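Look for chain A in each of the two complexes below; its partner is chain B in the first and chain C in the second.
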Partner chain A sequence: MEQTYTIGSELGIHVRPAKLIVEAVKKYAGTEVFLEKDGKRVGAKSLVNVLTLGAKHGDSVTLITEGDQAEAAQQEIGAILAERSK
Partner chain B sequence: MKLSGIAASSGIAIGPAWVIEQLDEAALPASIDAAAVDGEKKRLEEAVAASIADLSGLRDRMAAEGRTNETEIFEGHLLLLEDEELIGRAQELVSNERRPAAAAIAAARDEIAAMFESLDDEYLRERAADIRDVCGRVLGQLTGRTGVPSSVSGGPVVLVTADLTPSDTAQLNKSAVAGFVTMIGGRTSHSAIIARASGFPAIVGMGRELDSIKNGQLLIVNGSTGELFIDPDAALAEEYRAKQQALEARREKLGALLEAKSVSADGVHVELVANIGSPDDAAGARAAGAEGVGLFRTEFLYMGRDTLPSEEDQFAAYVRAAEAFKPGAPLVIRTMDIGGDKELPLLDLPKEDNPFLGYRAIRISLDRHDLFKTQLRAILRASAHGNVKVMFPMIATLAEFRAAKALLLECREELIAEGVAVGDNVEVGIMIEVPGAAMMADRFAREVDFFSIGTNDLTQYTMAADRMNEKLTALGDPMQPAVLRLIERVIRAAEAEGKWVGMCGEMAGQPHAVPLLLGLGLQEFSMSANAVLEARALIRQLSKQEMAALAAEALDLDSPQAIRELVEARVPAVRGL
Partner chain C sequence: MLGKLFKSKKATLEIVSPLTGKAVELTEVPDEAFAGKHMGDGVAIEPTVGKLIAPFDGVIAHVIHTNHAVIIEHESGLQVLAHIGINTVAMQGEGFTGHVQTGDTVKAGQTLIEFDIDKIKAAGYPVITPVIIANGETVAEMENFFGDVKAGDTTVIRAVLA
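What follows is the complex of A and B.
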């Protein structure tokens, strides 16, 4: 499944949210997680990938989850993307 | 032998040299035999595993010490060591291109670091340094070069190195390391900031001459002067040991005042805050006892880069500085002061005959609305995250202040219309550097929220003495009675309108000046962070009422010498400081 989120963090996807995303992805072993921005799609279990997406506050990022826990992963990681704090 | 460099962190360190060898990457073999591939893969795996073990230990230690910043850095590094794009890439290079493990990790490092460096967000570009740091750790495991020692026999050592990475500096511990000297870097480089924050005497930017130093040679680092002595004779070593002990004793005494209030003997509170040039200085300033920031020199955010800092870059920097202090601590952000001795090639400004009397600071900002509004928006946004105040530099006329404030209000309305959070009641003040503004202080006081007296420029303009000219040091003394009279005038003008006055020039931290400034009614003293505790110790001994009488007498004297003598006679504690 996939859904598009607007990045809520004032500083964009910086190290703190990126770390939360990578750590969350690792919890869902049987699920593939990707992030897509401006047509560029990357695997979300790599900190390098998530950071070099370069997503800023207000950018639209699509979260793609595939596998047995697709829905739970979608919810948890989607919340990180949309969270308004820093 | 004596070498000199940039004095980065004050204090004296004495100890044997510990030279951190640099790996000559160019000398690594380009490829290996097919038969050796499995062995190299295994070595890489083991080096990564050993690095993970080291970093986990380091992270746990930082967490136990409550150092959340470092803890988070190392958590990030641990994730990188599991990253398929980074470590996976290095493994691929060993398997597919038959690179030796060390060359593979170096190549993966360069590829990924380049990816970060191509991003348009300054903060993310700087993450390339984390990639280099974490790969350097794996390389160290593979090549066995000596890193920062965690324990040594025979007393703390002096590190001699090209530069220290963030993970090197996190491993500095006082039982093993006395201080350090580096080949590269300046006063604001990472290693210099950490040295000041954690109290390691250090000299940076010493260049290739450090190559001549051998492990075990006795070194004396004078971090206050930037002098490094190699193999000093016994008499010199003894002299420095005595100096070191005196400094230690003084520092220990002052350490007790870290959390103490800045209050005079007769109960008058003042604010002791720091001058900073980057958000990285803020944590060190707090650790040195500063209660907040009285001058954030934002022009340094514009310097040493190829593009102007964006609103986002600046916003992040301001928030980071605010968050280094307790909630509610003041953060006075001065809009950029380019010009004078601070050039900015990006703006392509013409050379001037008298740059200090030229096109600088607010004079540029009021012409370049694009530049100015970007900065004002970033400051206003940061004001939602802390006790942020705005200060305009080099104001000479009321018209300039009104124009700057109008732009600030315009930015505020735009942000509110966009639904962006801004703080309420952001104070707006000006620097008093131009004698013309000091003369008009009564009129300014009706419209500003505060003044901050910039004594370095106020002195050079009042005395017509170029502060860069060594022949004019006596004239360019802020203790000149003419300067003191202007300071008094400014403070009285502010008092009449119920506004507060601070000072952010060097003078605010000078022991001979502090009693006079307290007596004149200065409320905020902003100085180099390392002067804060000395000033606090002094103020706690002084009675403001007595200092007011002292200041009145001083204003009647004819010369800086006479004024200093009077202060020493009444406040013997300042002698020798």
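What follows is the complex of A and C.
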């Protein structure tokens, strides 16, 4: 499943929220998680990949989750993307 | 300098300090994400000189656009994250001068970022700099070293590669 979120943090997806995403992804072993911005898609397992998106405040980022726990992963990681401050 | 030793099968990487100052436990960092090692294992360095250098030959896997953090990748795949100061993302690059771009190939000792310690402190942010392994899955075991460190000279992390 996929859903698009608007980055809520004023500071964008910097190191800390990026790591939160990577750690969240690890919890869903049977689920593939990708992030996509401006047509660029990255696997969300790697901190570098997530940072490479360079997602800033107000950017639209699509979260793609595929697998057993696609919905739970979508909820948890989506919340990090939309969160106002971190 | 960098010593890369091959003991039987597993390679050991000695990572030298990218900063001059004092290396302390991550638990001393006033930020739970780093102090709790949620960001990765390593050390924290209280810098006395505002210059961050490459700890080994490698590639800049990512440099944050505000130049307060950089990830350097070793040829083994191991990635070291150096995050200058705490909450310094909020300085939006002010006080930080980047000398490399994402994708650049760098040599051990090369200057990556220069930063103004006084400016960071004046803005109210701790300048303590976590230096950690960003992708812990590349490491089988590691040992951290503390005390006074000289950039490019003193080993701060010894990592046995997975």
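One rule holds in what follows: the second predicted complex is superposed on the first by the 85 of 86 C-alpha atoms of A that agree within 3 Å, B and C clash if a C-alpha of one lies under 4 Å from a C-alpha of the other, contacts with A are read in each partner's own complex, and residues count from 1 in each chain.
Keep in mind that, in the parts below, a residue touches a chain if its C-beta (ideal position, glycine included) is under 8 Å from a C-beta of that chain, and two chains touch if they have at least 3 such contacts.
Just so it is clear, the model here is predicted, and its values are computed rather than measured.
Peer 1: Report clash or fit for the pair chain B and chain C bound to chain A in the combined superposed model.
Peer 2: Overlaying the two structures gives a clash between chain B and chain C.
Peer 1: Looking at A:Ser46 after the superposition, I want to know if it touches chain B, chain C, both of them or none. Which is it: first, second, both, neither?
Peer 2: A:Ser46 sits against chain B and chain C alike.
Peer 1: Which partner chains sit in contact with A:Arg16 here, chain B, chain C, both or neither? Use first/second/both/neither.
Peer 2: Once the two structures are laid over each other on A, A:Arg16 reaches both partners.
Peer 1: Could you let me know whether more residues of chain A are touched by chain B or by chain C?
Peer 2: B
Peer 1: Applying the touch criterion given at the start, work out whether A:His57 contacts chain B, chain C, both or neither, answering first, second, both or neither.
Peer 2: first
Peer 1: Running through the overlay: 9-17, 45-53 or 387-395 are the candidate stretches of chain B; which one clashes with chain C?
Peer 2: 45-53
Peer 1: Find the residues of chain A that appear in the contact set with chain B and again in the contact set with chain C.
Peer 2: Overlap of chain B and chain C footprints on chain A: residues 11, 14-16, 19, 23, 46-48, 51-52, 54.
Peer 1: Which of the residues in chain A end up touching chain B in this complex?
Peer 2: 10-12, 14-16, 19, 22-23, 43, 45-49, 51-52, 54, 56-57, 86
Peer 1: Quick check on the complex: what are the chain B residues that touch chain A?
Peer 2: 72, 75-76, 79-80, 83-86, 112, 115-116, 119-121, 123-124, 127, 131, 312, 315-316, 319, 381
Peer 1: Please name which positions on chain C make contact with chain A in the complex.
Peer 2: 33, 38-40, 61-62, 64-66, 69, 71, 73, 79, 81, 83, 89-90, 102, 134-135
Peer 1: Applying the document's contact rule, which stretches of chain A touch chain C when the two form their complex?
Peer 2: Residues 11, 14-16, 19, 23, 46-48, 51-52, 54 of chain A touch chain C in their complex.
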